[in-house]
Structure formats: C-alpha cells, structure tokens
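In the two complexes below, chain A is the common chain; its partner is chain B in one and chain C in the other.
Up next is the complex of A and B:
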C-alpha cells in the first residue's frame, strides 16, 4: 500500500474529484499561484487551470459567500480557509446561510460546499489563529463536520465530503500535514458518520478524533507496556453526524471512558459526547466519564507552555490512569 | 433461715431447664442482682438472677443437669448455716391426648364475587422516612457494579469498594460473587441449585466420588429445644384436627411495590423482604376476618382482641417463632426492622421469653428456599398457621390468553375445632386481596 503524507492524501483526493467531476472547483487564498499556504493544493493550478483553481482576495466573508452561492447553482466548490480560525469572519455565510438553505427552501436548494483548512493549536501562531471550532460548527443542524486523523481517512473522507450534497466542514491540522500513513490505492472513499476503532482494547475506551488520536495511541502503548492496561481507541472521524453506536459498543466492552479532544472544555464536542454516553450507557459505566481537553484559556503563545495546554501523550496517560482507577 | 431458689418458669412452654453453668460457687458471697447461673430453656439461654443478699450455701443441681420447674437449684443464707436438700419436683410427663369428637363435615366455602381484573395501583409512598440530612449512608457504587450486583444477587452493602473514594466497581462485585456467600444459619441459607454454567462452585453438593462414610453412626442427646419441638408438634398433630386450604396469589403487584420501595428506601438502609409484607398482610387479613385470630381452650374458644403475628425462624438445631406484637398497628418498615432484629437475636439464642410467646397467628415461609408449597403444623394455641411458598413464574390464563404470571402459593393449616372451611377460605381470600392490592398495606 502506498505511503503518503496527510497533505498528499488530501491533494490526491482533490485531484481525483476534480478529475472525476467537472463541477468541482477549488477556491481560497493562495491556493493557485502560491500552491497553497500549506502546499496542500500544490500543482493543481498547473493541472486543472485557473477556471478550476481560483485564488481569492483576503476576504472570507466575500469568497465564502461566493462559494455558498455557487454551490446553490450546481457548482461543487471546495473552499480553503488558510486557518479555520478565520471562519468567524464568514460566520453568517457558513452557519446562517449554508447551514439553513436546504431547510428554508423546502428542500429545493442544496448547498454542496466543502470548506476545508487547518484548525489546531500547537504551532505558536497565537490565540487568534489557533481555534478548533468543530463544536461551534456541529451545533448547527444541517451541516456535517469532519476531523480526520490519518492520511487514509483524510483522503477517503474528503472524497465523501465533496460528493455530499450538504455543507461539509473539513477540519485538518497543520501538525498532521507531514504525518505519513498507508493509503489504499485506487478509489478510496470513507463514508461520513462512521467512527473507526484505531486500537482494540478491553479496559478503557478513549474516544477521540483529529491529532488527539495519535496522542491517545501513543499513551495506549505506554499503558499496555507499563500498566498492563488494554486501551481501545475510537476515532470519531466525523463529529456530525456522530457515530454513537460504535462508541457505545466499545463502552459496553470496556465500561470506562476517557474523551480526549483538542478543544476548550466548555461546551465542547466532548461535553456533548459525555452526555450522550451516560444517557445511553449509564448501566455500562464502572466509573464516571473522564475528559481531557485543551486547558481552558486562550491559546498560550509561549511554545513550551502551549505544548502542555494541548493534549499530549503524557497528559493522556495521566488522565487514562485516573479513568482506570 | 436459708432461702431456697427453685427453677423458675422462664418461658410459657418450658417444663424443665438445663443448668448450663454455675456463675457463683458454694461459699461465695452473693447479693441481690448478681447472676447465679445460666439456664437453658426450650428456647433460649438465660441468666438466673439472685434476689437475696448472703452466701451461696449449697448447689442442688450440678452443671449440665435438667431441673424441673419448681425444683430447687440452690440455697442462700448466712455463712455456715445448715440446709436440708429439699424434695425435687418430678419432671412432668406429657398429658395424654383427650379423645376428640368427630368433626362435622366442612361446609363448602361460600362463592365470592369475582373482583374485576386488578389494575396495578399507582403507588404513592405514604410515610417514607425523612431523608437523612447528609446521605453518608449511601453506598458509592458505579452504575455497572450496581447492575451486576443485582444480576449476580450480591448484597453490595457488604462489599468494600476499591475505587476512588471507596466506590464499589465491577471488579469488587465480581470478587464478591466469586466468594461463597456469608455464612448464615444453615437452614436459612437459600437453597443453592447446581449452576448450568459450570465452574468450581457449580455443584454445591457433596462430590459424587467422595469415598468417606456419609456420617458416623451415633445418637445425639436431645437438647431442650429438640425435646420441646418434638413434644409440642406431636401434641399439635395428634390433638388438633388439621385441615388445609391452598390459594394462589398474583405476586406481581407485590413484587413491583417492593421493588419501588426498596429502590426508594435503599439509601436509608431499608430493605423489605417478601415476608415483611406477608406478615403485614396476615395482620390485615386477621383484622378483616378476626375469627381466625382465636385459640381453642377447654373452657371455650378464646377470641383475641390484639393481633400478634409470629414467624418461624430457622436456628441451629431447631426453630423458634418470635412475635411481632400488635402487627396490625405497625408499618411494613417497622415490621421489617423488628423482624430483622428478632431473627438475628433468635439465631444468637438471645430472645427473651416475652419475645417468642403470646403469638395469635403464625407464618412459616420456605419460599426463599425455593419450596413452591407446603403444609405447616399448627403452633398451639394458635388456630391456624400460614405456609408461604416461593413466587414462581408460570403460565397463567388472563383474558383467555396464556401469559407469564408471577404466582405465590399460600397454604393455611386450620384447627377445625376453631376454624371451619368457610371461615378459613374467607381469611385466605382476604389475605389474597391484600397481597394483590399491596398499596393498602402502606396506609
């Protein structure tokens, strides 16, 4: 199986879908001539030309609005946000218009737009560039929210996102772009709304997504080696629709849960998930549901402190031991 | 002049007592309030109190001997005083049973109007105890552990939690379930059947290949209790014309009520047994049909104005029937608390005679040991005894459909001299109605 970086896997998904469907276009700041701020779209302009790969002005409200309107008329735009942190400039376009248009048109108008880009901390880019808005996005009925953790999932999920007829928000991670992983050859599509058990175990379920999956897997190895604890890692992959069935099946096996997320803890994806698990699996729980999130503060600018603000393997290990007590 | 102390009558059924042990020896000074000896009656072991000041001059009965009521035990007087050995009272022989007139044929029980299908009553806790200000008594247990405890029949109030803050977790319940049950009186332990799942404790009985002899050939001396049980039951079965009435009760409403109450009262340490409700319902039925709350007496039939329900407790080497006085005046929770205390002290042989005499009706329950139905021997001078069987899931016909019901069998043994068939049937129907409409037992 070929080994690709997460960045290449996304690029392959874009190229394959641009090839497959002539209505697919890529728009964003620096996606064309500069080959992308994070080089995800490298080479696409040369291959597909300026009608398909479009550089936009530095105005998220404007170009996202353009994309939303185009999608209503049959185009399948894939919009790049240089940072997902800038989504708030286009909040009205994304979450007031795109999210509601199918409902408000009585199903007459679809909005098959994909908005993608990195949403993460840990790179010393400051509090205004480090947001993780998956909880804010997922709070809106009518949208889909995807946070892939591996190269294979990134490719397969982006292809599903582009083919989906609803707004899909695809949250990547600059610290994952260089991570390598095996990606199946040929047509590789991962359906939205399906979680993936990344590691099987019997003593504790870690429910997580995005880069925290990697931290959780690293911690799980230490727990197995040093503590004899068998940890199952469930990667949600899609935040909305949420695959609660896979989570509950795992909880029924291990009876203990730790939720790990690169989110501020207040009203996060993890807090919603904790509610849903206890509601559906109360009698399966042998301990309270534990959560590990980003420390509740604006993204800290000091690099060594920022590392400790975010989930990392040693913080996951500590939280897992508490959940196993 | 020396005072002679005789064997006192320490229980209403006692005829002889065993002097277990002297607590004061000859020549020892004694004063009023001292304990002189331990005496075992047919029901309990008690201390013999001294009501005089002086010196214990003579002991007339050695430790271990049986002494009839009224026979001398010891003498107390001034030091050096001479005492004669007084005459002992002979141990009385049981009276021969008087010939009985032939009982008249039992009239058929009057047909009862069929009550409409009872709808499970909405249950409102009437007098739940006020919750404690601080629920420190609440057991910390994970939801999973609580569920497993219920599935495995583990009493988690006895389990020590290993989780944070002493929380009971799954592993603690698994460990408790793996251990054998806490030792209870052998007769009272629930009958354990072979488990189809296999494992070390799957077969609770002796190994099929055990080569040892089943037991040594021997004759055990009769204890006072065994003697009393033998005398009284032979007397009962040979002099009382027993007849038996059986009725089947829908136990589902009672089960639902009990589950609700135990769930709601668990944090207050209340755990009501089926038997607690049977005692309460029996008292209620005796109020409704007081003719059963009576005794045969040579002078005439005594009708009792108060309801004192006793219940059989299996103890080492026998059984005893402690009494819940004024049962009809007490709440189920009060009855439960009292029954637990009486049962515990019965097993320790610590009951006082007042606590196991004077009952007007008796309940014997083998349901918790899986017995579906049985007939009990009347405990004189009661006119009837109720034998309670297990609640069994079985097919029943309801609205012309066969459905799974929860049924409990009740068998009433009646003294035909006092209770005729129709009266006994009325009592059982009253009892059935109360058990099938158990919310009334809470009022």
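Up next is the complex of A and C:
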C-alpha cells in the first residue's frame, strides 16, 4: 500500500474530486499561486487552472458566504480556512447561513459546501490561532463535523465530505500534515459517521479523535508494556454524525472509559459523549467515565508549557491509570 | 391603529402627486404592453393588501415573532423583479414579503407561513423573515442584517462559473451598508467581476436610526472605492426603478459587471410591528410621503394619464387584491400546524433522503 503524508492524502482527495466533478471548486487564502499556506493544495493550480483553484482575499466572511451562496446553486465549493480559528469572523455565514438555510426554507435548499483547514494547538501560536471549534460547530443541527487522525482517513473522509449534500466542516491538524500512513490505492472513500477501532483491547476504552488518537495509541503501548493493561482505542473520526454504536460495543467489552480530546473541558465533545455513554451503557460501567482534555485556559504561548496544556502521551498515561484504578 | 392602516392606500392621491413618470419613455418601459403595465400595478396592490391583512392577523395574535412590513416600498421589489430573466436571481433580508410576491409566490403559502402552518412556503419553519422559492430563483428571506449579501454574491459567482448570462440582485436596507460582510462582498464582486447588483433599499431609517445618524457619505457612491459602477433611482416610481435597474442588469448579464444601486424609498410602518414608531420621525413626515409619493398612487396616476387604466379598473383590481388577501388568511387559518414530528425534518438533506444516505451514525441527539 502506498505511504502518503496526511497532507498528500488530502491533496489527492481534492485532486481526485476536482477531476471527477466539474462543479467542485477550491477557494481560499493562498490556495493557488502560493501553493497553500500549509502546502496542502500544492500543484493544484498548475493542474486545474484558476477557475477551479481560486485565491481569495483575506476576507473569510465574504468568501465563505460566497461559497455558501454558490453551493445553493449547485456548485460544490471546498473552502480552505488557513486556520479554523478564523471561523469566528465568518461565524454568521457558517452557522447562521450554511447551517440553517435548509431548515428555514422547509427543505427546499441544501448547501453542499465543505469548509476545511487545521484546528489545533501545539504550535506556539497563542490563543487566537489555536482554537478547536468542533464542539461549537457540532452544536448546530444541519452540519457535519469531521476530524481525521490518519492519512487514509483524511483522504477517504474528505472524498465523502465533498460528495455530501449537507455542509461538512473538516478539521485537520497542522501537526499531522507531515505524518505518514498507508493509504489504499484507487478509489478510497470512508463514510462519514463511522468510528474506527485503531487498537483492540479489553481493559479500558479510550474514546478519542484527531491528533489525540496518536497520543492515546502511544500511551496504550506503554500501558501494555509496563502495566499489563490492554487498552482499546476508538477513533470517532466524525463528530457529527456520531457513531455511538462502536463506542458502546467497546464499553461493553472493557467496562471502563477514558475520553481524550484536544478541547477545552466545558461543554466539549467529551461532555456530550460522557452523557451518552452513561445514559446508554450505565450498567456496563465499572467506574465513572474519565476524561482528559486541554487544561482549561486560553492556549499558552510558552512552547514547553503548551505541550503540558494539551493532551500528550504522558498525560494520557496518567489519566488511563486513574481510569483503571 | 388598525383602521388607519387599512385606509393607507384608499385615499385618492393628492394633486401634488407627480402626474407622469420621467422614466416612462425609457425603452424598457415603452415596450410594456397594457396588460404588463396593469400587472405591475396589480402586484404592488397585492403586496400592500397582503401586508395589511397580515398586520390585522398579527394584531389578532395569529402570527408570532416579528413582522417587518414593506408598505410604501412596493415599487422597488416589483420594479426589480419584473426585469428577471431565467438566469437572474434574487436574495434579500428580512423585509421580504414584497420580493416574494413580486417573484410570483402565492399569497396562500406566504400567509400560511406567517401563521406557522404546515402549508406555508417553508412548512412553518422559517416565518416572516425566511421566505424562499428556489424554483423562482428567490433565495430568501434572511434574518441577519447584511448576512445575505455574501450569499447573493455567491449566486452571481455560480451563474458566472456555469457560463450563464444572468445576474443576481442582492437587496439590503440602508442599515446594512455598514456591515463588514457587505463590504467584503463588494470587494469580491468587483475583484472577480461578478454579475451582481447590490440593491440598497434606502427607506431612510435603519430601524430607528436615520441615515444621517448612521452612515457617512453617499451610500451607493461607496462603489467608487471598489471600482464599481453605481446609480440611484426613485423608488416611488416603478418605471424609474425599471429604467435604472435594466441598465445595470444588462451590464451585469452581458459584461459580468457588478454595481451598487441605491433606491430611495420610504416605509410607512415601523421597523417591525413591535416598533411603536414614535421616537425617531414625525408623523407629518410619514403623512407627507403617503400623500405625495405613494408608489401605488403615483403609478395609478401614471396609468390613468396613459389611458391604460380607468378608475373603475383600479377599484376592481384593488377589490380583487383585498379578496385574495382575505382568502389567503382564511386558507392560513384553516391549515394545520406542523406536528412535533416535523421538527426534525428538513434539517439534513441526508436525513430527508434515507434511501440515498451515505453517512452512518447519529445525526440527532437528545
């Protein structure tokens, strides 16, 4: 199986969908001539030309709104946010217009738009550039939210996102762009809303997504080696729609749960998960549900300390031992 | 209050109403046949009678939320929408009843939507501010001031992308011109030469704040900063609206050029029905507009002077409009409400098309 970086996998998904469907357009800041602020779109302008790969001004409310409007007429825009953190200046377009227009029109309209870009901390860029808004986005019925952790998932999920007839918000991670992984050859499509058991185990279920999957897998290895604990790692991959069945099946096997997320704790994705797991699998639980989140403060700049603010393998290890105790 | 509203367009126009339109001779108006001219008049009257009837229903507590009436501004939507070709599109803000009727939506579905009924154009899910008819190229009906303007620019982008000869008319009020999203849309439209006309319906007041207290400079002239063409027109005269808009629409369709047009108009009612309208303008000002510039009266005079319409015709058209509005209210009243089971329909395309669903997992939560 070919090995690609997460970045290349996303680029391949974009190129294949641009090739397949002439209504797909990539728009965003620096996606064309500059070859992408994070080089995700490198080479696409040369291949597809300026009608399909469109550089926008720094004008998120304007160009995201334009994409929403174009999608109502059947264009399939894939909008790049240089950082998902910049969603705040386009909030009205994303969460009033894209999320609500189908409902307010009584189902007459749909918005097949994808908004993608990185949403993560850990790069020492401070609080304004380190937001992880998946909980905020997923709080809005009408939208879909995807947070891939591997190259293969990134490719397969983005292809599904582009073909989806509802607005899909695709949250990548700058610290994963260089991570390599095997990606199946040919048409590789991963359906939205399907979790993936990234590691099988019997003593503890870690429910996680995004880069925290990597930390959880690293911690699981140490737990196996040093503590003889068998940890199952469930990667949600999609936040909304949510595959709770895979989570519950794992809980029925391990009877203990640790949620790991790069989210501020209050009203996070993990909060919702914990509610649902206790509601639907109360009798399966041998212990309270544990959670490891980002330490509850704006993202700190100081490089060595930011590592400790976010989930990392040693924090996951500590939290897992508590959950197993 | 109710009586006064009902009487608003009943009075014979004052002698000071301009007898003839200076734009009657514009080619786009000259080529109108008798029936087409009467249809413009009829549509304006239908809008007014619909809205007056909706106000009575609101006062009778049949309608919830907000109700932003268009009374006084009818010539704007009717003039603009009468120019629509097959690839032209319309989007507006929350004062959206006039545009809906002007693009041909039926009074029944519109009134039923106000009543929150399942037979409403949005199945009772949108309400007054959120009318849509994509089959008539009408894309709403949007609640946030200026938020629809990037969407309208996107409609124009799609038209151009598809290689069609068409244009989008993105309507906003004079209060929207200071929103950042509007300026971002101006820039994109000019930068990418998109066929969009930004139509500012300047009724003088952004809610209760007059133009003078809210906006620096001339509203449409801001186009110059974006290297766009611009114009103004008299929103009390449907012929003038058509003459000016036709020029810019042709430019948009043929040359893919955007423009900003300020249409000067006036609303007789408060910002919404919740506005008692007693803090920011004088009653005399409203009366003066009603007496001398009412778009329906102005156009009635015009058609009478053209010999296209008789007083008897006008009375008959008015009566028919009242009857139609009353029938729409009866239809709305008799229609069923949506059920609680309908709340979670029309949220996701996929959920509404289960046979075609590709995703898995839970879309809804509790």
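In this section, the second predicted complex is superposed on the first by the 325 of 325 C-alpha atoms of A that agree within 3 Å, B and C clash if a C-alpha of one lies under 4 Å from a C-alpha of the other, contacts with A are read in each partner's own complex, and residues count from 1 in each chain.
Please note the rule applied: a contact is a pair of C-beta atoms (placed from the backbone, for glycine too) under 8 Å apart; a residue touches a chain by one contact, two chains touch by 3 or more.
Just so we're clear, the structure is a prediction, and the values are computed from it rather than from any experiment.
*Asks:* Could you check whether chain B and chain C clash or fit when both are placed on chain A?
*Replies:* fit
*Asks:* With chain A as the corner point, what is the angle to chain B and chain C based on their C-alpha centres after superposing, as a multiple of 10 degrees?
*Replies:* Rounded to the nearest ten degrees, it is 110.
*Asks:* Quick check on the superposed pair: does A:105 touch chain B, chain C, both, or neither? Answer first, second, both or neither.
*Replies:* Touch status of A:105: second partner only.
*Asks:* Kindly classify A:242 by the partners it touches after superposition: chain B alone (first), chain C alone (second), both, or neither?
*Replies:* The answer is second: A:242 touches chain C but not chain B.
*Asks:* Is A:285 contacted by the first partner chain B, the second partner chain C, both or neither?
*Replies:* first
*Asks:* Counting residues of chain A in contact, which comes out ahead: chain B or chain C?
*Replies:* C
*Asks:* Answer with first, second, both or neither: which of chain B and chain C does A:67 touch in the superposed model?
*Replies:* second
*Asks:* Which partner does A:255 contact after superposing on A: first (chain B), second (chain C), both, neither?
*Replies:* A:255 sits against chain B, while chain C stays out of touch.
*Asks:* Touching A:144 in the superposition: chain B (first), chain C (second), both, neither?
*Replies:* Second partner only, chain C.
*Asks:* Applying the touch criterion given at the start, work out whether A:192 contacts chain B, chain C, both or neither, answering first, second, both or neither.
*Replies:* second
*Asks:* Which value in Å is the smallest Cα separation between chain B and chain C when the structures are fitted on chain A?
*Replies:* So the smallest C-alpha gap separating chain B from chain C comes to 22 Å.
*Asks:* Check chain A for residues that touch chain B in one structure and chain C in the other, and list them.
*Replies:* Comparing the two interfaces on chain A, one with chain B and one with chain C, no residues are shared.
*Asks:* Quick check on the complex: what are the chain A residues that touch chain B?
*Replies:* Within the complex, chain A touches chain B at residues 255, 282-287, 325.
*Asks:* Hey, which residues of chain A end up touching chain C in the complex?
*Replies:* 25, 51, 56-57, 59, 61-75, 92-93, 96-97, 101-110, 141-142, 144, 160, 163-166, 191-195, 238, 240-245, 272, 276
*Asks:* Along chain B, where are the residues that touch chain A in the complex?
*Replies:* 142-147, 163-164, 167, 169-170
*Asks:* Name, in rising order, each residue of chain C that touches chain A in their complex.
*Replies:* Touch residues, chain C against chain A: 89, 91, 120-126, 130, 132-135, 139-144, 147-155, 157-159, 161-162, 180-181, 184-185, 187-188, 191, 344-350, 352-353, 358-365.
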